[in-house]
Structure formats: structure tokens, C-alpha cells
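The structures considered in this document are given below.
In the two complexes that follow, subunit A is the common piece, with subunit B as its partner first and subunit C second.
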Partner chain A sequence: MLRTIGLKLVRLVPVLIIVSLATSLLIELVPGDPILAIIGMEGEPGDYERIEKELGLDENVVSRYFDWLGSIFQGDFGEQITRPGVKVADRLKQTFPVTIQISLMGMAMALLIAVPLGSWAAYRAGTRFDRVSSGAAFGIISIPSFLAGLLLVFMFVFHASVPRYAVLILGLAWSLWLLWSAVLNRHDQARGMLLRAAAAIVVAGLTVWLANKWPSFPRQGFVRWTSDEGRLENFRSAFLPAVTVALTEIAVFMRLLRGDMQATLQEDFILSARAKGMPPVRILARDALRPSSFSLITLAGVAFGRLIGGTVIVESIFRLPGMGSLIVNDGVNTGDFPVVQGGVLILATFYVVLNGAIDISYSYLDPRLRRGR
Partner chain B sequence: MRSWFLKLLALMLAFGLVAAACGNDDDEGVTAGPDEPAPAQADDDAAPAPADDDDGADDDAAPAPADDDDGADDDAAPAPADDDDGGIAAPADSEMMDNCDATVPGSEITMGIFSETAGLDPTVSSGSGTTGMIELATLYDVLVIYDQINKEYVPHLAESFSSNDDLTEWTLTLRPDIAFPDGTPLDTSVVQFTMERFLREGGRNQGRAYVAWIEEFEIIDDLNMVFHLDRPWGTFPYALSDETGMMVNPTVVEAIGNEEFNLNPVNAGLGPYNIERYAPGEEIVVTAKDDYWGGPVCIETVRFIRIPGAPATYEAYKNDEIQVAFLREPRVISEAREDGEGANGHVFLQNAGGVVFVNNGVRGSTPPTTDVRLREAIALSVDPAVMDQRANEGLGKPGASLLSTDSIYWDEELFAPIQPNLERARALVQEVKDETGWDGTIRLACHNAPSRIDWAIAAEALLEAAGFEVEVDNDGTILDLIGIVLVNADFDLACWGFNVSDETPFIPVLQFRSDAGNNRIGYADPNMDAALDKLQVATNNDEIQAALAEIWSVWQQSWPSAIYETIEEFFIWKPHVKGIVGSQASSLLFHDAYLDQG
Partner chain C sequence: MAADTGLALDSGYVAGELVDPLTHAQRLVRLAVGLIGGVAAIVIGLMVLTDANAGYRVVLTVGGLVLLFMALDSAGKLVCGSRFETGLWLSVFWVAIVGLSAAFADFLPISEAKDASATIFDGTPTLKRPDLLSAHPLGTDRQALDVLGGIIYGARVSLQVSVLAVAIGILVGGTIGVVAGFFRGKLDTGVGVFVDSLLAFPPLILLLALASVMDRSPRNMAIALAVLGIPTYIRLARVNTMVFAEREFVLASQAMGSTRRRIIFKELVPNVALPIFSYAFIIIAVLIVAEASLSFLGLGIQRPDPTWGNMIAAGQDDFDRHPHLVFAPGIAMFLTVFALNRVGEKARELWDPRQANL
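Entry: the complex of A and B
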């Protein structure tokens, strides 16, 4: 295992050098010039040459890249060109935790919702539940994240009573349905009826509690985990961005897991478990889920890596000081190459390490791979 | 029997749950969650009465922006008194308003700013209230402020200022007994140090251009000094009210160095607040000083954040996440006014803020627009109403005049707008075509912001109606446009703005002087130079108005560019926020701000 990890870490070095070199070349090709960002529309014609000389930006791309690389090996990410004195490392330290939290919360929400729904849809393939959940998934996939974010703001910030009453009505309807089914189901045993009635009480209680404690969400901004305002404020500020991130992933994960699990449920060992009278939940959770989760884990890993650098739209909508905003707004748009270089380096490292970890996780998920080594 | 009992029990439970859900619902209101802050006053929900002049949509009214433009003006600053030398002295009752006995613990306001400053060093910030000046003023204060009620500059950190007859020497007297938090006194050496930094540090702030006009700082004593200028300047106090007038503590700057000073200037200013947190891309937080020279600072914390886009900024304002907002988009300003927000706020006008910038032959270039007939044709074909309809849904302030009808210098006869005249424009274009063989092609550079794309479509249509063949280039960003215009001078026409503010019309129009360093279009007209000379030595509003009228008259002879709108910069704040004062260049001052808990 240590050898595997060591090999993956060694492979990381050339990958990062190639990525940073490519970034350095690409930033030359995209529009954006930090000197123009500095002088602005009020600048004078002679300002460009003056500032270029003052900041030493008249070097060519190759020597600039090697200067940067040399600094990186000394642990120095350099300074932001458009903000004098601001260290890129400080900006990365400031923004990375924000993006990590939003991405983690989004992924956790997506998996928590997608795994049970996808599993149940596979188990009840072809039923009304499967058709409805599949339709909803396609609907959600088709909503771009910027629109989803704005819709969430519209609903949860400016018309908070709508989702609140929707939750209340749906929860109570569900509770009533449970009660009704308990009352009408003549074939059920008394124990089953009591269980359903108890479930109805729990659902109704939770619904009423949630409706009464319905939180208000901010339109914008982010309260840090370490802030004096507390963890609750942190979660409150991160909730809508995380839901925006999660929405698309939920649909994709659900569809993927449903397909894989449907195939797994045809396997002999599942038939054997059914024949032994195992309850469906146990079959799905303990027997079918693990062999069905390869694609899901791979995709979740890729999606997580993508979210780390790709939440710029969500960050813009909710004014989150994250990595995406840093790289795009402070880096690419203004041609501030130390910001872009530093940001991409961190993202590439994270991405490669994450995918390495996913590779390693396969051997835990499938004993055959472990023994094959 | 058992089955019936269970059914009855289930139905009773269901009934009870529904009743419980409904019964508890009215206690906390629909949208108020447990964490929602309590409203500051009982009648917050009531929409404030709309302002009856410049905040209204009625352009026919001739508004005087000073009349009722902000809540702060209710706390009217005392009128300045002339001192014995004919200069401007601080009011006899020189103390500022005491709206509280001490800082109110826990009091806080958040302001949504327009764009972020590049740093907290006044030489680094690019200037004006749109970019950093408001935040910096809370830290450093200024020598002079622009009194928006009386429309003149009045001393602030300064005690008085006056000039000699030919306006080349300005004498400044500082208030005594003002010191930085570390005890360093405010004296004339601090003023000199502060201003010379703009030249010494290379500086990104445009103030370096007019600090360079100061030939000599003559220090008379600790509190008196004379600025010897290399040219007469009637509104020199502007330089004392801008970033160049923000006093920095030499002891702190020298101790921590320029870079750290730009990021964390603790105790480095004389303003009512000290820096608490500066997180680029996130927020600037300042906290009240307990020993501010002007008396108690009522609001403990002021937070500055930037929310991308005016719609999102206004949404955050409506959601009470910010209490002060800076709006610069006509559609959102219009919405805010319809919501009645104009009653608490202030409008800064950027006259000639929307301009079709015309290359008159800058740096040896030879665009077709070096021909004055084509420049006139452009000005006559650009219909402000059409441009406004297309770019702003008709909600902007269109007008082809140097000044807006809301300007304090406005006079219908002196500043009569240019009337679109397509017939004459066509005739002029045809005349040039016939005479020179030019094929009518003209390049129009703009950028890819959605409103500018609409703008370019309208401009292209209007110009083509006059006989031009327009080649639009609006693929790039605003930075690309800056490169095209300022660096490469590779344009015929461009979307741009002059931003002639009422507080200081001289600085922006200075670019039309033939030898100006910031002459970006290559315009040169001796008559304009003469008119600018008059504006340069104008010392009061009547003289400024007369000089501007002459500039506008010359403009209509040589047509340097085509003006089509005034830009409004609209600040709004919640009704319970009081005492905010507007100064110059779209800046606000918070030293007298307080929260009305009544």
C-alpha cells in the first residue's frame, strides 16, 4: 500500500509541472492584462510603460515561468500584481476552505439524497416511483446552476413562506398517507399498523418542528467556520450555495447508481438473499450497494475535484470568497498570472491526490482487486 | 374491536397533528426565522416617502440636488464662514454633530460598494467613491470636504485655507491638537509627507498628476503652510479633499513599510475608524476609534463588501443584509426609486458619463474622424433617447449636453443639448465621401458587457442611418477596450465616459487641453484651451458655470466627441441610518453616522 501511495505521489510531480507550464502558456493567450487593470479608464497613455517597468512585467513568458517555478520550490507563491503586497498564498489560504466546505456540503447532500433514491428506483424499476424520480432527475439536470441558484434565492430568501408551507403541506400529507395506509391496510398485522402510525407521528412531528424553526437564509455572503458568529451561521450561509451545487450532482448520481444497481440486483447472490427472506433495505444497503458503487465513487471523485475549481458561478451568485472567484475574477480576467498559477497548482494537486485516493479505494470495495495484486 | 380502536386512534392523532401544525404558526411570522435580527424600528416595513425632487423620475422638474438629497443633510452642517483673509475657515462651532455620547456597543452597518480598492494605501487606491475612497476616508479622514448643501469646499482636518490673488499660492492652516492614535501630531510635515508619497511611490492614484503641480511646500510652522503651484488653480481645495488630502501617519508607514501599510494600516490615519480586517475579495471591516478628534463615533463597526452587480446589491439591501448600497445601473436605480428608497440617499451626477469617444488624431493616428465634419455628423446622429431606450430600457438620463439638467450649473440657454439632425449628418458624411473618396467605414470599439452590447447595436444603427459603415468590435473585455484606447490608440470611436462631476468639473475636462498628459483622443483647439484656462481659475460656482458654458460653446464648433447621457451614482441607506454625509467624487463620510433607534 505504501508503495502504491509513494508511486502516485512521485507521478504527481511531472503532472504538476506540465499543468503549471500549460497554464503559464495559456494565460498568455487569453485576454487580460494586469497593467490595464491597474491603470483603468482614468489612466494616461504613458502609464502603461511606467507601470510595466515598475512591476518588472516586461519579461517574456519563459523567464517569467521559471522565476515563478523557482519561487514555488522555495514555498513562495508570489504576490498579486493588481493588489500590491497581497500574497497569493494568503489568498489561497483564504479562499480554499470556503470552496472545500461548499463542495463537501454539496457532495454530502447529493450522496445522501441520491444513494437512497437511486437504490430504491433500481429496486422498484419500472414502477411509478422509478418513472417520477427519473423524470425529476432529468428535469434537474437540465437546469443550469446559475438558474438553480437564482431560483433558490427567489424561493428561500425572498419568498421563504413558499418552501416552508410546501414542506408543511407535503410532510403532513405524507403523515396522513401513512396513517391512512395503516388504517386501511386490512392484510397488515397490528404491529405493522402501529409502526406506520408511529412513522406518521414522527414525520408529522418533524414537519411541524421544521416549519416552526424554518431558518432565514442570506442573499449573499459567507460566514466562516472559525467566525465568532458561530457554526450555525456558517451552515446558514453555506446552505443555499451547497444546495445549488448539489442539485445537478443529485440527479447525475441517482441515474448512475440506479443503472448500476439494477444490474447488480440481477446477480445470483441478490436472488439468494431474497430467497432467504432478507428485507429489501438490508439487501440494498448491505449487499447491492457496494458492488454498484464503483462508477458512483469514480464520478463523485471527479465531480468533487471539478467543484473545487468550478464553482465560480455559484460563488458569484452568492458572493462567496472561494477559489473559483479568485482564479477567474482576480486571476484570469485581469491577467494576474501569479494568482492563476498558484490557484491552478493547488487545484491540480488536489485533483490528482483525490483521484489517486479513489484508485486506492477500489481495492477496498472489491476484494478481487486486492487479491489480484 | 381492536381494529376499530386503532382506526379511531389514528384519526385522532391525524387531527391533533394538523391542529398543532396550524396552531403554532402565527407566533413567529412566516419568514422570520429564529436567527433573523429584530427590526430596528417598529415601522420598518413602511415604505419611506419618495423624495420630491432629484430622486423622482420626473426630469422636467429642475431639481437642486442639495435640497433634500440625504438623510444626513437633516443634520445640516453649519455654513462655512469666510475668514479675515477672504479664505474659507472652519465654522465657529467647529465640532461635528454629537449624535451620541459614546460608541454604541454592537452597532454595525454594512455597505455594498461598487468595486473593490486595490489596497488601503491612498496612493494605491484608484480613486473616487466608486473605488475605495469611501472606505479610505473612514480610516484617514480628509483635510477638506465638499459641502453638498452649500456646494462648496469647507475645511475638515484643516482649519482654513485661502489663496493669493492669482491662485498660484494656497495657504493651509491645520486644526490644532489633532494627533494620530500613536500620538504623532497632525502638522504640516505630515501634509507634505502624505502628498509627496503620491509622487515618490509611483502611485496608481490619479492624484499624482495634480500633486505634481505643487512646485514647493513652504512650511511656515507646525500648523501653517503654503502650496506654491506651477499654475493657477481656482479649485485647489479639491486636491485637499481627494485621496491626496487623506493624511497618513509617517511613523506607521516608515515602521511597517509600504506593502504592509497597504494591507493593514492600523493607527495610520486620522479617520473615525481603524482597520479591523481587510480580506481582499471579501470585505473591509473598520471599527470605531474611541479618541476620534471630531468627537464620539456612534456606529461601532462599518463593513464594506462588494456584491457583483447592482441587482444583487439591491436584493441584499432589500433583505437587510446591507444597510447602505451603491447603485449605478439605471434599471436598478429606477426600481429603488419606485420602492421609495430615494428618500434616504444621495445622488451624484456624472455629467457626460456616456460618450461616444472620438479619435481626433491621437498620437499621430489618422482616423477618418480627424475631419471635423465627421465628428459633427457623429454627434448629430447619436440620438440620446434611442441609446437610452436600447441600453437602459429608457430609464437612464439621456441628454446631449455637457451638463445634466440636474447639475447645479445647469442653464437651459447656456447648455442647450445638441438636437439629433440626421439630415445634416447624412449631408456631412456624403460631403466627406465625395471630397476625399473615403468609403464611409468607421470602427467602433466597445466591450462585451451586456448593456454595452445593446449600446453598440444602437450606436451602429444610428451611425449607419447617417451613412457610416460601422465595424463594431465588442468581443473583448473592458480591459481590452482600455488597451485599444489608452495604450494602442487604435480606434475611431469607442464607448467611454468623461464623468464631469459638479464638485470638480475642472479635472475631467482638463483632458481636452491640447497639451494635457491625459488627452486620450488627440483633441486640440486653442479656443478650448482658452476656455479651460478660465475654468482653471474659476473660484466660485458662477465663474465655473460661465467657463463651462464657454467650453460647451467651443465644443459645438470643434466636436471632440459625442455626449449622450449622464450617469447617476445612487447611494441609498435604510431609514434608521442617519448622519451619512456626501462629499465629492461620489464619496460618503461616516464620521457623523448613527443609528436612530427611536
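Entry: the complex of A and C
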């Protein structure tokens, strides 16, 4: 086991070296003189020397790489070229938590929605529910995230009454359907009837409450986790961005879990649980979920890494002060290389380490993989 | 009681078979209802109720499209049997339309979509709402440029860039993958580290890094996107090569004294090519989204060349009042990506042996 982990960790090292090397040498790819490209048309005398020194371009490639790496190990990412005196490390420290928060919230939402839906679709494979949800998942995967974000803004910010009434109508319809099935009472059991009637009342109550208290979501103006306005404001301003990043992942997770769960449901131990008379929800949650979730967990980890990189789009739509907008606005758009390099290095390192950790945890989770290599 | 039996438990159950095939008469009824109702709803929604609330018109039109789909589905199943995949054929049709109109954009009767200086004096209204029967079926933007024309020229850019990127990816990635999978050993390890490092960058971040140093022309865009696709192709080619290299026909060829070059080109490459090509549609779809994301951030191809991404980005500022600026290119893009995914999934089902074994 330790050997396996060790081998996997060792494999990360060359990747990290290449990643840092590529990031540091990025500037060599600029056609022509990178310093002139940065200064542009309106430079002051002395700018050339200052930028050359800041980027270390007066030294040769090898020593530049090692100097850069050395200072990064000391937490020094250099200064912004466009705003002398502002430390890149500080900017990274300010923006990284925002990106992490959006990704974490998106991830949590995706799992909370995808796991029940995927399990139920597998349990009822081939029925209308399964076909509709799988079809919807396929459609959602094809929506680019910036389009999904704008669609959400259109619905929840500009036309907030539309989703509000939709929730009201759908919720009341659901509640009526529950009542109807309680009255119809196919199974002829008093308990089932009561449960359905109670569920109908709860659904109706929740719907009315939600439609009444419908929150307004801001298009922009992110409230930080640590600000004085409180956590609720923070969640409200982070809600739509998180839904945007969650949408695609919901669809991806659902499809994956549905496939794995369907295979698990063919196993003998599920049959024996059914023979004992366990209710379906219990079978799905207690018996079938764990053995079906290995590839989901792997994918969730990979998706988390992807989300961290992918929040760039969401941050641009909702104007969040995250790492993506830092890289785009302060870095790429103005040719501020220390910002680009620092941001890219942090994100890539995070991604590599995360994937390595998943790789290792995978063999813990699935006993079948523990032995052997 | 079917709902409570846990359908997946019945060992004889095969996905799709459970769906009760409709009778001939039911299909005919659906065909008739769908066709008449669908056409009526679309005509009313798009052309008659031109003064009504846009929300009602959209709902009516979408409902009409659903009815039309039902009619097409019934017609297809009546003619070709109940296994006819309507969605797939519609997807093929859409990809063909987009491809052809992008290829022949210069010959299509579309209004000015690129040159803002040409529309200043000819009286074209700015920010015109979509009206299918006018000269600007999908409306005009702030500079009085035709949105439909922009979508078609944008399709041209998107397809050119992503197809070129996939071609480069297949050529470079496929070659490296086949070589690594065939020779194995140290070379393979080295390639593995290279692939891992490329995959170590989150895709969009890699594109951003490249965009920060590259001049943003379509050709450079294609190269940057190819870099994104190369690791996938290396992995695909490598795995498939390793699978095929174990097969008897390769052994037979070796026993007959073939050179290594002959084995690679005559035995392996033709076999590896098919599963690799079967991924092309899906990767094109991914790259279209990647290119559009970059344009959306303002780091891709710039105006005056319209792309789906930069059209949406330009429209997003006040799209509560002019939603067509965002949603017209957005829907075109969604349909294209959806259709490519659908076709790509079918292609993989047909041509990827690992997929078929499952």
C-alpha cells in the first residue's frame, strides 16, 4: 500500500517540474520582444529596464527559472508590472478563496442533486422518468457554461417572476397529484394513504413559502464570506454562479451514476435485500450506493479540479473577484506576466495534487484495487 | 405494479425494449396531430402574433416544435420500423446544414454581417427584433449587422478552427500514441509524463496561458486548441495500439517477417484509425465550446470577424432588453454542440471496439 502511494507521489514530481518550467518559459513564446509588447505604445523612459529586471529577462534562461522557482518557494510571486508595488502573492491570496468557494458550492449542489436523480433513474431504468432525465442530462451537457450562466441571469435576475410562478404551479401540481394518489389509494393501506396526504400538505406548504419568500439574486456585486453583511448575503451572491458551474456536473454525474447503479442493481445481494422486503429507497441508499459510487468519486475529484479552472467564465459573467478574472483582466489582457504565471502555476499545481490525491484515495475506497501493483 | 418491481432487477430486461411500441394507427394519429398542430402553432407563434408578448410566442413556437418532432418521429418509425432514431437523424441533418451554410456563406443571400461601416448609411435599423419574414430573420445588432449572417460566418470560423485543430491533434497525437504504444519501454514512460503534464493544466487555463502569448488569428487559435486535444489523442491511440498489437494478425504478420514499419502502417494504423476518428465529432464539439469560451472572454478571434463567442459577449451587456443578441447565436451553438455530441456518441458506439464490447 505504502509502496503504491509512494510510486504515485513520485510520478507527480516530473509533472510538477514540467508544469513550472512551462509556466516560467511561457514568456519565451511571445513573438518578438516581449518587453516591447508589454510596454506597448506609451512607455516612459526607464520602463524597459524596470520590466526587464522584474521579469528577470536580463539573465539567461536557466538561472531565470531557478531564481523564479526559488522565490516562489519563499512565497514571493513578484510584483505586478502594470501596478508597480502590488504584490502578486497578495492578489492571489485575495482571489483564490472566492474561486474555491464557488467550486465547492457548485460541487456540493451537483452531488446533492445528481445522486438521488441518478439512483432513481437507474432503479426505474427504461421508464419515462429515466428517459426524460437521461435526455435532459444529455441536453444539459451540450450547453456551454457561459450560455447557461446568461440563461440563469435572464431567468432569475431579469425575469424573476417566471421561475417563481413556475415553482408555484409545479409545486401545487405535485401536491395535487400526491393527494389524488392518496385518494385513489391503489395499495389499500391506511399508512400509505396517510403518508401521501401528509406529503401533499408539506409540498404545498413548502411551495407557497418558497414562492412567497422568493429571493432576488444579484447579477453582480459579490459579498465575501468574511464580510460584515453576513453569511446569508454571501450565499445569495454566490448562488447563481454556483448553479452555473453545477449544471454541467449534475448531468455528467447523473449519467455516470445511473450506469454504475444499474450494473449494481443486477447483483445478487440486491435481490436478497429485495427478498427481505426492504423498501426501494433503503436499498438504493444503504446497499447499492456505496458499490456504485467509486467512479463517481473519481470523477467528482477530477471535476472539482476542472471547476477551479472553469470558474473563469462564471467569474466573468457575474463579475466575481476570483482567480479567473484576475488572470484574464489583470494578466492576459494587459500582458502582466507575473500575474499569469503565478495564477496558472497555482491552479495547475492544485489540479495535479488533487488528481494525485484522488488516485491514491481510489485504492482505499475500492478494496478490489488494494492488492496487486 | 410495474413501478414497484425495480425494473432493472428483471434479468431479461434490455434497455429500451420495455417501451411499449405504439400501434400503426396510433402512429398515424400522432403524425397527423403533430404535423397539423405543430405547423399551426409555429405559424401563429412566429408570423401571426407579431404584436403579442414575446414570452407567449416563444412558448407557442417551442410547443409547435415539440409537436413537429412527434410527427417526424412517428413518420420515421412508420417508414423505417420502430428502431428509427429520429433525434440522431435530425442531428445529422443539423450538422449538415451548419456545415453547408458555413461552406457556402459567401453565396447565401444574407445581409451585411461583418463590416459596420457598410451599414451606417444604407438605412438598416439597429437592434431590430427577429422577424422571420424580413431581410433580417434573426434581427440586427447594435451596429445594424445581421445576426443570422453573423451566426453563419461564426459557424464558419468555429468549424474551420475546430476541424483544423482536430486534424492537427489526430496527426500529431495519433502518431505519438501509436509509436509509444508500439515500442513501449522508456519512450512510453516519457510520453506518459508529457501527456500528464499537458493534462495538468485545467483546459481553459492552458488556453488562457496560450492566449496571453499568441497573436489571436484563426490559425493560432487552431494550434492552441490542438494542444488541448493532443493528450486525449495520444492516450486513445496508445491504448488502441497496445490492444491491437497483441492480436493474432499482428503476430502472423511478424512471423511472416514483416518489418516494424510495415506492421505499424499496414496492420496497426488502419485499425487504430477508426476508433480515433470516431471520437472526432465529440472533440470537435468540445473545441467549439472552448473556442467560444475564449472569444466570450474577449481573448479569441476579434471583431469584425463574428464568432458565436464574441457575438454573445457583445450582446450580454443589456440582453434583458435585446435577448435575441445572446440567444440567437446561443441557440445555434447549443444545437450544433448537441448534434455533434449525439452523432459522436453513435459513431463511438459503431466504431470503437472497446465501447462495443460493453
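The rule is simple: the second predicted complex is superposed on the first by the 307 of 373 C-alpha atoms of A that agree within 3 Å, B and C clash if a C-alpha of one lies under 4 Å from a C-alpha of the other, contacts with A are read in each partner's own complex, and residues count from 1 in each chain.
As a convention for this text, a residue touches a chain if its C-beta (ideal position, glycine included) is under 8 Å from a C-beta of that chain, and two chains touch if they have at least 3 such contacts.
Quantities reported herein were computed from a predicted structural model and do not represent experimental measurements.
**Student:** Is A:Ser316 touching the first partner subunit B, the second partner subunit C, both, or neither of them?
**Tutor:** Both partners, subunit B and subunit C.
**Student:** Considering only the touch criterion stated at the top, classify A:Tyr123 as touching first (subunit B), second (subunit C), both, or neither.
**Tutor:** So A:Tyr123 only meets subunit C here.
**Student:** Touch check for A:Gln262: first (subunit B), second (subunit C), both, or neither?
**Tutor:** Only subunit C is touched by A:Gln262; subunit B is not.
**Student:** Report for A:Ile270: first if it touches subunit B alone, second if subunit C alone, otherwise both or neither.
**Tutor:** Touch status of A:Ile270: second partner only.
**Student:** Figure out whether A:Arg91 sits in contact with subunit B (first) or subunit C (second), or with both, or with neither.
**Tutor:** The answer is first: A:Arg91 touches subunit B but not subunit C.
**Student:** Who does A:Leu36 touch here: subunit B (first), subunit C (second), both, or neither?
**Tutor:** Only subunit B is touched by A:Leu36; subunit C is not.
**Student:** Considering only the touch criterion stated at the top, classify A:Val328 as touching first (subunit B), second (subunit C), both, or neither.
**Tutor:** second
**Student:** Just subunit B (first), just subunit C (second), both, or neither: which does A:Phe158 touch?
**Tutor:** In the superposition, A:Phe158 touches subunit B and subunit C alike.
**Student:** Between subunit B and subunit C, which residues of subunit A are contacted by each of them?
**Tutor:** Residues 31, 157-158, 316-317, 333, 335 of subunit A touch both subunit B and subunit C.
**Student:** Quick check: in the complex, which residue numbers of subunit C touch subunit A?
**Tutor:** Where subunit C meets subunit A, its residues are 3-4, 6-9, 11, 13, 15-19, 55, 193-194, 196-197, 200-205, 208-215, 285, 289, 292-293, 296-299, 309, 312, 316, 319-320, 323, 326, 330, 333-334, 337-338, 341-342.
**Student:** Show me the residue ranges of subunit A that touch subunit B in the complex, using the header's touch definition.
**Tutor:** Touching subunit B from subunit A are residues 31-33, 36-48, 50-51, 54, 80, 82-86, 91, 94-95, 153, 157-158, 160-161, 164, 168, 172, 175-176, 179, 182-183, 190, 193-194, 197, 200-201, 204-205, 207-208, 211-216, 218-222, 232-233, 236, 316-317, 319, 321, 325-326, 329-330, 333-335.
**Student:** Which stretch or stretches of subunit B touch subunit A in the complex?
**Tutor:** 2, 6-7, 9-11, 13-14, 17-18, 20-21, 24-25, 27-28, 30-36, 118-119, 121, 124, 126-127, 131, 202, 204, 206, 209, 258-260, 262-263, 279-282, 305-308, 312, 315-316, 318-319, 321, 362-363, 476-480, 482-483, 486-487, 489, 496-497, 517-518, 520
**Student:** Give the list of subunit A residues in touch with subunit C in this complex.
**Tutor:** Touching subunit C: residues 11, 14-16, 18-19, 22-23, 26-27, 29-31, 122-127, 131, 138-139, 141-147, 150-151, 154, 157-158, 162, 262, 265-266, 270-271, 274, 280, 305-306, 308-310, 312-313, 316-317, 327-328, 331-333, 335, 337, 340, 343-344, 347-348, 351-352, 355 of subunit A.
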